[in-house]
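Below are two complexes that have subunit A in common, paired first with subunit B and then with subunit C.
What follows is the complex of A and B.
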C-alpha cells in the first residue's frame, strides 16, 4: 500500500474496481471462447461441451495454411521490426533533440490503417511498374516482380505498423539505462559490440522481449493492411473477417476467434508470470544478503 | 635528463557547432604523477578528461601517451581506464564480475583473474564482498569497486571524473587520502577532475586550472595557492581578496598601485608593467589584518567594519571599503566569545608587502 494513511478497505476497493473493469472488457472474449466449446453453437438452448470446432479448424488445410502464413508474417515482423526498433531507440537515446525523432517514429500510428494500407498498395504498384520498366529498358528480367503483392509487401506493411510500437517499448526500458555503463565497459577494454552485448542488452532485455511479444500480437491481430498487401495468400485473421462478412459466424468462426484471443493472452500472461517470478526471486536473494550483512 | 612524459596534450580543442568547449589546451603530465584538473563547473575539464580517455574526438590537436600519438584510438585501445562520478557499475553483475570484466575480455586464465580480483579487492578494502550486487553497497563502497575495476587492468593512466562528488563530506575526505595512498602504492599516473579545491590540494602533485575551456594555469598545489599567476586563479583558489588599480610606477623591485581610495606597493613580477596599466592585486584573507585606525604605515586601507562570522577554528571579519568593495579578513578564533569590533566602526586593514600578488591580466 503506497498511501500509509489510506484505509485498507479503500485499497481493496481500488483493486476490486480494477479487476471489475478488466472483467467487463474481457467478458465478450470469454463469451466467444465459451460458445466455441458448445456443440450447438451460438444461441442454442442446450450447451454441450465439445472441442470439435477446434478439430474442424485444425483439420481444415486452408485454415492451417493461413495459420502458417500468419506465423511466418509474425516471425518476419518480429525479426525485422524489433532490431529496427532497437537501433532507432539507441539512436534516439544518444541524440540531443529527442522530441522530433520520437514524433517522426510514431507518425505511422496516426495514419488510419486503411489509408496506410491503400497508400502502400499504390506505392508498391508504382514501384513494381518502375522495376518492370527498368528491366525492359535494360533488357533483363532480373527486376521483374520484386514488389508484386505477396509476402514481402504484406511484411513491409506490418513492419511499418509494428515498428513504432517496438521502438517505444524499447525506448521506455532504455530510459533507465545509464550510458556511463557503456563507457565504463569501453574503458575496461570492450568494443562497442561487446559493451552492448555484456552490459546494455542484459539491462534492456525485458523491453526487447516485450517488444517481441507485442509485435507478435499486433501481427496476429492485423487485418486491414495485410488484406490490401498480401496478394495471393490468406492470413488467419483475413479468413476470419472474410467468413464473418460473407457467411456470418459459425461454430468454426468462434473456434478461430478463440484461438486468436487465447494466443495473445497466453503470450502476455507468460511474460507477466516469468517477470513476477524473476523479480520475486531477485528480491528474496537481496533480502537474504541484506539479512546476512545485518547479522554480522 | 628529460622527465618521462606519460601523457601529453598538444593544442587540444573541442567544438560543439559554434560552442567552443575547449580552446587549444596543451600540457604534459609526468609518469606516476597525481594530476588534478580543477575548475568551475562547465569549464571544460570533464571534456578534456573524456578526450584523453577517447570518449570524444577532438576538433583539433593531439593526445600522446609515452610520446605516441593515440588521438584517433577508441577508449578500449588506449592505455587508460576510467572511474566515473556515479552510476557506472554494471548493476546486473556482482562485485567480483564487475571487477573481472576487463580481465575476462582479455581472456586471462580463471585462476589468474581470481587472484587479481582478490588483490584488487584487498587494495580498496573490500575483501569478502565478492558476491554483493552493486545496489547492496554504500556510495563509498561502489566508488571503491569502480576503482578496483580500473586498477585491476593495470593501465598506465587512471582517469577519475569527479569520483568523490556524490559522497558526503566525511567520506570524501577519507576517500581523498585513500586515493592518494592507492596512487602511491600502484605508482601509475592519475588524472583526476574536480571542482573542489580542498580535494585538489589534498591529493595533487600538480594542479591545472581549467576554466572557460582554457588552461588558466598549472603548477604545484603550493604554487597555485601561495603564488597564483593569474587573477582568475587568485579568485578561484583559497579565499583571496582582489583590489583593482592603476600602475603609478616602479620603485626598485616594487610596483606602486593607485587603488583610487589608497596607494599600495606590491612586489613586481617578471612580466613588464607599464605606467597607467590596469592591474589587480590579490591578498589572501588569512594574510590580511585589522590594524589600528591611526596606523599610517605602508599598505594600510581605511574601511568600515561590517560583521564577523565565527567558523570554529577561524573567524571571518567582513569590512567594506570606501568604493563599496567587501573584503574578508580571516583570523584564528580567539578565546573570547565577543567581538572587539562593532558594525559601522571605522577600521583599517593592512598586510605585509610580500603577501600581495600583482596580476597584470
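What follows is the complex of A and C.
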C-alpha cells in the first residue's frame, strides 16, 4: 500500500506523463512553426528570425486564391453540416431505437479518407453520366453537369466527413436538455419553431457554436477527399501536398504549414478561453445567488 | 376566413399544414439520414459492384469479372496490404499502451468537472491538420532532425539514426502520432462503463493496481477499447498520407494502393481494394460486436 506521500508523487507523475504525451504530440508542429521563422530554413547552422516566408505565401496570388477556395468550402461545410447535425441530433433524441441511426451517422468515421474519397469519386462520375444521359434524353439542360467534379462534389465530400462530428458534438450538448421544457412551451401555445428558438436553442447554443468551430477546422484541414473530388480548383492543403511531394520542403512550405497550424490553435484557444470565462461567470452568479439565499 | 358562420380553410392554413408538425417539419428530420444513405452508404455499397466491372482505357463498363481481385491477390499488392496490416496492428498496440492509461487516469483521478477540459488537451493536436502533423515529423525524425541532433548533442549516439524515417518504423510512428488521441477519447468514453465504486471496492479489497487494470478495467472497458482500436487500425491501413510522407520508396498501405490505381486509371482495381478494405472493417466491427457488444459504447447517448 502506498502512503499519502507516495500517492501524491504517483499523482504528480501521472499528470507529468499526460502533459508529456500532449507535448510530444504538439512538438513537431511547434518545431515547424519555429523553422518557418528562420530566414535560412530547415537544417541551417544559424537561426535568423524573419517573417519573410509568410510574406512570400501571402503575396503569392495562387496561394491566396487557394486560401479563398478553402474558406468557401469551410463556409459551405458549416452552413450544411451544422444544420444537418442539429436535425440529426434532434431526430436521434426523439427516436426510441438510437443504435441504427447513430451507426449510420457515425459510419464515415470508420472509413479512411482515401477509400471514402475514391468511392465518392466513382459515384459522382457515374451520377454525372446518368444526369447527362437524362438531360439529353429529356432535352432539359438545367441539371446538366450538376455532379461534375467541382465545388459541389468537394463540398459533399466534406459534409460526409464533418457531419458525424457536428452530430456528436450537438448530441452531447443536447443530452443535458430536458424535452419536457419543449412540451411545456408547446402546451403554452408556442409553435415547434418558437419552442426551439426561444427555449431549446439558448440551452444548446454552446454545442451548436462548438460544432461550427469543429466543422470549420475539419474542413480547413481536409486534404485527401477534397483532392479527389475538387475538379479544377486547388485548396491550400492541396497546394501544400503538391509542393511537398513535387518540389520538396522550402521555407514557403514551412510557412504554409505554420499558417495551417496557427489558425486551428487560435480558434480552439479562443473557444477554451471563452468557455472558461463563461463557466467562471456562471459559477460566480450561482454563488452570489446562493449567498443571497443563505443570508436570508 | 369565416363564411356562413363556418371556418373555411385559406391559403395560410394550407401553408401551415404543409410546414406544420405533420408536414415538412416531420420530414425534414429525415434529411441527415437520407444524406448519409445517399452519399455514404450507397457509394460504399456500389464500390462492391464497380469492383467486378470490366476495365476500359479510361473508365469501366458494366460486366462481371474478378480480374481486379486476381490482379490484387497475385501481385505484390496483397503482400503490401498484409504488411500494412501488421504495421497498423503495431500502431494500435502502441497507441493503447500510451493512450489508454491516460484515459483511466483522467476518469479515475481527476475531478469530474475538470475531466472534459483535460480531454480537450488532446483535441488540440487532433485539430491541427493531419497533413501538417505528418509533414512535421520529417524535420523531427530526419537524419539532421530534432531527435538525432538532440541525441548526438547529449552524447547518447555518435551517428544519426536513419531507421526512424523513410522506413516502416517511420510509418508506425506517424500512425501513432496521428491517431493516438482517438485511443484517449475512446478509452475515456469506455471508462463511462466503469463506475467509481468499482475502484473503491478494488482498493478496499487490497487489489494491486496491475490486477485492477487487467482483471477489472480492461474487461469492463473492452467495447470502447476495441472501437478505438478498430478506428486506429482502419485509418492506419487506409490513410495513404502517412506512408507517402514518412515511408520512403516502396512504402504503401491500402489507401495509397487505391490512390495509385486511380492515378493509373484502373478504377475496378481501386474499387476492389476499397471493397477488401471495407470488408476488413465490417468483419472487425462484427467480430468486436459479437465479442464485446459494441452498442454498450452508445449507452451514454441512449
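Operating definition for what follows: the second predicted complex is superposed on the first by the 278 of 296 C-alpha atoms of A that agree within 3 Å, B and C clash if a C-alpha of one lies under 4 Å from a C-alpha of the other, contacts with A are read in each partner's own complex, and residues count from 1 in each chain.
One rule holds for everything that comes next: contacts are C-beta pairs under 8 Å (C-beta built on N, C-alpha and C of every residue); 3 or more make two chains touch, one makes a residue touch a chain.
From a predicted model like this one, the values you see are computed outputs, not experimental measurements.
Overlay on subunit A: subunit B and subunit C fit together in the combined arrangement.
In the superposition on chain A, A:112 makes contact with subunit C only, while subunit B stays out of contact range.
With chain A used for the fit, subunit A forms the apex of an angle whose arms reach the C-alpha centres of subunit B and subunit C; rounded to a multiple of 10, it measures 90°. In the superposition on chain A, A:141 contacts neither subunit B nor subunit C. In the superposed pair of complexes, A:242 makes contact with neither subunit B nor subunit C.
Look at A:11: by the touch rule set out above, it reaches subunit C but stays clear of subunit B. By the touch criterion defined above, A:85 reaches subunit C but does not reach subunit B.
By the touch criterion defined above, A:31 reaches subunit C but does not reach subunit B.
Subunit A is touched at more residues by one of its partners, and among subunit B and subunit C that partner is C.
Looking at the shared chain after the overlay, A:270 reaches neither subunit B nor subunit C. Superposition on the common chain places the nearest Cα atoms of subunit B and subunit C 9 Å from each other. Across the two superposed structures, the residue set of subunit A contacted by subunit B and also by subunit C is 192. Interface residues of subunit C, counted against subunit A in their complex, comprise 21, 25, 28-33, 35-37, 39-44, 46-47, 50, 59, 98-99, 101-102, 105-106, 109, 117-118, 120-125, 127-133, 135-140, 144, 146, 177, 180-181, 206, 230-231, 234-235, 237-241, 244-245, 254-256, 258-259, 262, 267, 270-271, 274, 277-278, 281, 285, 295, 298, 300-302. Listed in rising order, the residues of subunit A touching subunit C in the complex are 1, 11, 14, 17-19, 21-22, 24-29, 31-32, 35, 42-43, 84-85, 87-88, 90-92, 94, 98-99, 101-102, 104-105, 107-116, 118-123, 125-126, 156, 159-160, 163, 167, 171, 175, 192-193, 217, 220-221, 223-224, 228, 237, 240-241, 244-245, 249, 253, 257, 260-261, 264-265, 267-268, 272, 276. By the touch rule above, subunit B contacts subunit A in their complex via residues 53-55, 74-76, 80-82, 84-92, 101-102, 105-106, 131-133, 135-136, 146, 149-150, 153, 159.
Across the interface of their complex, subunit B is touched by residues 178, 180-181, 183-192, 194, 198-199, 202-203, 286, 289-290, 293 of subunit A.
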